[in-house]
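Listed after this line are the structures, all set down as C-alpha cells.
After this come two complexes, each holding chain A, first together with chain B and then together with chain C.
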Partner chain A sequence: MRTDRRSRLMTWLFLAPTMIGVGIFVVVPIVGSLLLAFFRWDIITSPRFVGLANFTELATDRTVGISFLNTAVFVAVAVLAQLCIAMLLAVLVQSKMPSWMRVFFRSTFFFPLVLSAASVSILMKYLFNESYGVINWALSLVGIPAVPWLTSPQWAMVVVIAVYVWQNFGFSFLLFVGGLSAIPGDVYEAGAIDGATGWRRFRHLTLPLVSPTVLVASVMAIITALQVFDQPYVLTRGGPGDSTRTVVMVIYESAFRQLEFGRASAIGLVLMLLIMLVTAAQFRLARRFVFYQ
Partner chain B sequence: MIRRLKNPTTLATYAVLLVAAALTLGPVWWTFTTSLRPAAESFSLPPSFFPLDPDFSSYAAVFEQIRVPLLVLNSGLVTLLIAGGQMITAAMAGYVFARMEFRGKNALFAIVLSTMMVPAQVTIVPVFMLIRGMGLSDTLLALIIPAIPTAFGTFLMRQYFLGLPLELGEAAAIDGASPWRTFFSIYAPLALPGMAIVGVLAFNFHWNEFFRPLIFMISEENYTLPLGLVTLQGNLGTGSISIVLAGVILSMIPAVVVFLFGQRYLREGLTAGASK
Partner chain C sequence: MVDRSTLTRRALLGAAGAAGVAGTVAAWPRLTGADIPGRGEDALTILILGTAQDAAGRQVIADAFMEEHPDIAVRIQSVQATDWGDFFAKILTMVASGTQPDIVYTATEGAQLFAERLALPLDDYLQRDAEEIRDYFEDVHPSLIEAFMYKGSLYQLPLDFNAANMYLNLDVLERNGLEMPGEDWSRDDFSELLRGMQGDATPYYWTNRLFGGIVPWLYVNDTSFLTEEKARGGEQFWSTFYPGEERSGGYLWTGSNATAEPVHESFEYLRSLVADGLAVRPEEGGGNTLVGLFASGRIGTTPAGGYWVQGLAEGGMRPEQYDVQFFPRWRSQRHQFGAAGYAVMKTTRKADQAWEWIKYTASKEAMQLAFPTPSTTPTRRSMVNDALYAGVGPEHWSRFYDTLDRFPTSGPIPAPPQQAAVETALIRNVSTALSGGAAGVERSLQNLDRDLRAVFAEEDS
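Here is the complex of A and B:
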C-alpha cells in the first residue's frame, strides 16, 4: 500500500520538529535538573556528587527559607485579591448595560495583560516613588504623609503584589466572564421568583454555577503566581533586605550569580513539587465545593 | 438611561466599573503624557494628565541613550521567528495527533501534555547548559530555538483540527488525494484561524519576555527591548523619567496593535488554555 507508507512518512515528519524539540528542550532538561540537584557544580570545575546535601542545605538556608515564605505570602494575597477583583468586575460587567459599554469595560480590564511585566514594573516604580511619585502626591492631597513604598520591607511586598494583581486580574476576569455568560437566564428568573436577589443570588445561584470556572481560574492563578519573577526583580531586586525575594529569584541568583547550579536545580525541583501538590490539593478540595451541572 | 441611573444599584455598578477602568488605564495614560514632557520636568508634580504642549524630545533621547532600532530589531526578529515557527510546527504535530493513526500516539500525546505543566524556571539551568553546549550562548538563536517546539500550541492545534469536519478529508481520499494533499490543500487553509491564535499568543508572550533574555543575553547588542529598558532605567538618574517612559511607550505599541486587532485570537487562546 503506497498510501500507507506515505501516511507513515508524513506522520513522523510532521511530528519530528515538535517531538524532537520538546524532547531536547523540556524532557532532557527535566532529567538534567533531577540529576543536577544531587551534584555541586559551578561550570568551571567538574561536578561533584553530594547526595542530598543540596536539599538539606535548603532547609537550613535563611535566604531560601525567606524566599519560600515570601512566595507563600505573595501567592496567598495576590491570588485572593486577583480572584475577588476579577469576580466582582465580571459580575458587574454582566449586569444590564448598553453593549458598547460592556465591550469597553471588558477590553479595558483585559488590556494590562498584553503589556510586558518589565515595562509595567518600570512605570509603576516611578508611580510608587516615595518623594516624587504620583501615588504619594495623590495621598498628600487628602493629608496622608508620604509612604516609603519601595524602601520599607512591608510596603515593598504590598507594591509587588499590587503591581502583579494590576497586571494579572484581567486573566481571571476573562475566565469569569466566560463562565458567567454560560449561565442560562432562566436560572435567574426562577431564582427571582424565589426571592433570590443581590448577594443571596450571587452566593446561592451564581457562585455554585461558576464554581468549575473558579476552580480553573484559581489553579491557573496559583501556578502563575508561584513563578513570579519580573515584578520583584524590576521593582525591588528582592529588597529591601530579602523582603520581596521570591523562589524564582533565588533560583536565578543561585544559578547565574553564585554559579551554584546544583542548588538552583534543587530549589527548582522543590518549586515544581509544590506546584504539583497545590494543584492536586485544589482538585481534591474541588470535589467537595465544585458544582457540575 | 438617566432614569436607570437613579437606581442606587445601577449607580454603584457604574461607579465601581468606572473607578476600576480609571485605575487600569490611568498608569498607562500617565506614562504616555509624561513621556511627552521635557525630561527636566518629568518628575514635577502635579502630574500632567493632558499633553497640552507635547514635547517629543524624550523620544529622540531614548534613541540616543539606547540603540532602540537595534533592540526593536532583536525583539522583532526573536518574536516573529518564534511565532512563525510555533505556528508551523504546532499545526503539523497537531494535525497528526488529531487525524493520523499510528502506534504510540496516545503515549506521545500524553508526554507532550505533561510537559505543559513544567514551569520554564525549573528547566532553565539545563537549558542554559544545552545552549552553551550547542555554542549558541549570547546569540538570539538561544532565545528562538528552544521556544519553537510548543506543547501548548500542539494541544491547541489538535483541538482545532478535531473541530474540522472529517468528511472533507474522506472525500478527498476517495478522489485520490494523497495524505499530503489532504493536509496542504484542505485542512491547513481551514486551520489558519487556529494558527493565528497560536501565533498571536506566542507574539504577545515573547515580545514581553524578560526572564530568558536576562539570563541568555550577555552583550548589549543582543538585548531585547524589555531587557534594554530595564537596563536604561538602571543607568539613568531620576531626572530623565520621561526618556525611560518614552521607551516604555514604544515597547507597548506592538502589544497594543495586537490588542486592537488580535484581541479575539488572544482571548480564545488564553481561555482555551483554561479548558484543557
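Here is the complex of A and C:
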C-alpha cells in the first residue's frame, strides 16, 4: 500500500516538469485565448465583455472570409505539391545510386528546411522582382516579357506556394525516405516474380506499404500549411489586395496592428477548430486508405 | 573506476534536484528579466524606433543632457520594428506588461494615436516656460507644429521632418536629352518627362504606404482619401508663439472621402502610368534596393524627402548626379509631409524630468548633435543650411524646407488615431486599383470607402 503511494508520488514527480511546462506555455494561453475571444480588448483600456459578438462579426467580415478561402486554396495546392514532389524525389533517391550521391541528395533536399523562412522569403522577393529580378531577366533572354510575379493577384499566390513548397518539401521527403527504407526487399522480389515493375510496382507495392508514412506526412503538412504566415507576409504582405492574405496573417494584423485582441482570438479559435476537424477527417479516411503490415 | 553501486537512485534524484535549484538560482536574473540593461534603474527611459546602434548613436545627446542635468539619469532604449505601425504595437505591448517608457520618439503616423490614448499634453509646460522655449518656435515652421496639435493641445515638439518631394536622376535626364523641370511644373509635364525616359530607365519608382505613395498625388489634386477637418482650440498657444498666424487646434480625419471624384481622378492617373509602363506597381517600391537602383541610373524619378540625401551619398551618388524638385502641380501644389518628435507618456511618474528632456532636445545644441548629417530634415530652419549639405546634397537642397514656405497649406500624413486600420485599408485597395483596368479603380475605391467607413464606425461605437 505504502509502496503504491510512493510509486504514484514518483510518477507525478517525474511528470511534473513536463506538465508544468505544458500548463504554463500551452494550456494557459489556450484558455486565455478562449476567454479573450468573448471580450473587446485593445491592451490600453480594460477588456469589455461582448459575448459572441467577435464570432458573429467574423461571419460577415469580408477579409476574414477571403483569408479562409486563400488559406484553403493554399493548403490544397501546396500540400499536394509538397507531398508529390517529396514522394517522387524520395523514390528516386532510394533507387540504385552510389551511397555518396544518396547522401548528397538527401542533404540537399532537406537543406531549405533549416533556413529561416523570413530570410528565404526576402531572397525570393529579390529574385521575383518584376523590374530587376533574376527570374524575369532569365525569361527575357528567351523573349518572355516581364511577369508581375508578386504584384499581380494572379501570380502572387503561385509564387507564395512555390516558395513555401520549395522550403518545406524536405520534411515530407525525409519521412518518405524513412518509410521507403523500412519496406523489406523481399516484398519487391516477390512482386518482380509476379511481374510488378515500374508504375505498377509503385502503385501496388510501394504506396500501400508506405501509406502510414503518407498519413503522418499529410497530417503534419496540412497542419503546418493551415498556419502559413512567414512567406506571404514577407513576400506580399497579403497583397495585392487580399489575394495572398492568410488566416494567420489576419490574426496577426488584428492583434498586433489593429489591437483587436478579442477578434484575433476568435479567429484563432476558429482556425484551431478547423485544424482539429481536418485532422480528425484525415484519420477517419485513413481507415480506408492506410495499410498497416 | 567508479563503483556504480555507490550511486543510489535516491542520491541521483537528490543531485538532480540540487542541480535544478542551483540552475534556477543562477538563471534567476534572466527568468525575471532583471538582467535587461537599465531594468530597475531609476532612469528616465526614452524609447526610439531603431537598433541598438541607433540607441548608442543618440547616447551623445543623453550624455550632453545629463551633463546639464546631473540629477536626471537617462536611458535610451531602442525597439526594432518593420515600420511605425509595428513600433506602436510594440509600445502598447510594453504598456500592457507594465514596462512602458517615459518618453517615446514618434512620427506623424502615431501622433494622434498617442495624443488620444498615451501622451501627455505639453500645454501647461509650454506656458510655464514660454520664454525659454520661444527660440525653438521662432525657428520652426508653424505647419509642423500644427501637425502635432490634437483637439487644441500640443503633444510633441517636432525635431525632424520630410516633405514628399520629387527626386530626379540627372544622369537619366541627360542620357535622354531631357531638361530639369521648373518649380511650377505640372502633372502633364511630369507625364511628358516620364515618356521621355521610357525604355532607358524605370521612369517612376514609388511605393505603397501612407507617406510618398498615393497621398502626395491626392494632395496635389487638392483632395484626400479621408475627410479632413481642422479642430478648434490652441488660440493661446498660437498667440503666444506665432502671433498673427491663423492656425487651428490640429487636424481631424473624420471619415472616408474615397469615392470623391478627384480621388478617382488621382487613382486613375497613377493606374494609367502603371499600365503605360511609365511607373512600376507601387508594391515594388521601397526597400533597400532603391538607393542602389537610383544611384546606378536605373530609376528616373521617385518621391522622397530630405532623409534620402545621406543614403544616396553613402550609396556612392554624387550631388551633381541628381536633384530635387517640388511635386508637380495639379489642381494645387499642396505637399505631404511627415515629422517626428518626443512624446511624454501620460503614465510616467517623471513628467517634469521628461519635459526637461523635451526642452533640451528641441534646443539648437541638441539638434545639432542629433542631426549631424542630412539623414533627415531638421525642423529648425536655421539648421537647414550649406554646412549641412556641403559636398553631399543636391543643388536645390533648400527646397526641402522651402516646400513649407512655398506651399503653406501642405499637410501631414493623414493618420487619425486608427492609423493602423486606415493604412491597411489604403494599401490593400491601392494595390488592387492599380493592378488592373480602369473598372478596377472604381471597384477598389468603393471597397476602400467601405473599409474606411467600417474603421470609423467601429471607433464611434
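The definition used in the following text is that the second predicted complex is superposed on the first by the 273 of 293 C-alpha atoms of A that agree within 3 Å, B and C clash if a C-alpha of one lies under 4 Å from a C-alpha of the other, contacts with A are read in each partner's own complex, and residues count from 1 in each chain.
The rule is short, and it goes like this: a residue touches a chain if its C-beta (ideal position, glycine included) is under 8 Å from a C-beta of that chain, and two chains touch if they have at least 3 such contacts.
Everything numeric in this text was worked out from a predicted model, so none of it was measured.
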Side-by-side fit of chain B and chain C on chain A, or clash: clash
Partner chain(s) touched by A:F111 [first = chain B, second = chain C, both, neither]: first
Chain B versus chain C as contact partner of A:S181, first or second or both or neither: neither
First (chain B), second (chain C), both or neither touched by A:G241: second
Touched partner set for A:L92, first chain B, second chain C, both or neither: first
Partner chain in contact with A:M124 - chain B first, chain C second, else both or neither: first
Partner chain in contact with A:T56 - chain B first, chain C second, else both or neither: neither
Contacts of A:I44 with chain B and chain C, given as first, second, both or neither: second
Touching partner for A:F256 - first (chain B), second (chain C), both, neither: both
Residue contacts on chain A - larger count, chain B or chain C: B
Overlapping contact positions on chain A, where the chain C interface meets the chain B interface: 126, 129, 132, 256
Chain C-facing residues of chain A, complex: 42-44, 126, 129-132, 148, 150-153, 236-242, 253, 256-259
Chain C residues within the chain A interface of the complex: 85-86, 89, 92-93, 95-96, 117-118, 202, 208, 280-281, 283-284, 289, 293, 298, 420-421, 424, 427-429, 431-432, 435, 444
Residue ranges of chain B in contact with chain A within the complex: 9-10, 13-14, 16-17, 20-21, 23-25, 27-28, 30-31, 43-47, 89-90, 92-93, 95-96, 100, 102, 108, 111-112, 115, 117-119, 121-130, 145-146, 148-151, 154, 178-180, 183, 204, 207-211, 214-215, 226-227, 229-230, 233, 238, 241, 244-245, 248, 251-252, 255-256, 258-259, 263, 266-267, 270-271, 273-275
Complex contact set, residues of chain A against chain B: 3, 6-8, 10-11, 13-15, 17-22, 24-30, 32-33, 36, 85, 88-89, 92-93, 95-97, 104-105, 107-120, 122-127, 129, 132, 134, 137, 166, 171, 174-175, 178, 198, 216-217, 220, 223, 226-227, 229-230, 233-234, 248, 251-252, 255-256, 261, 264-265, 268-269, 271-272, 275-276, 279
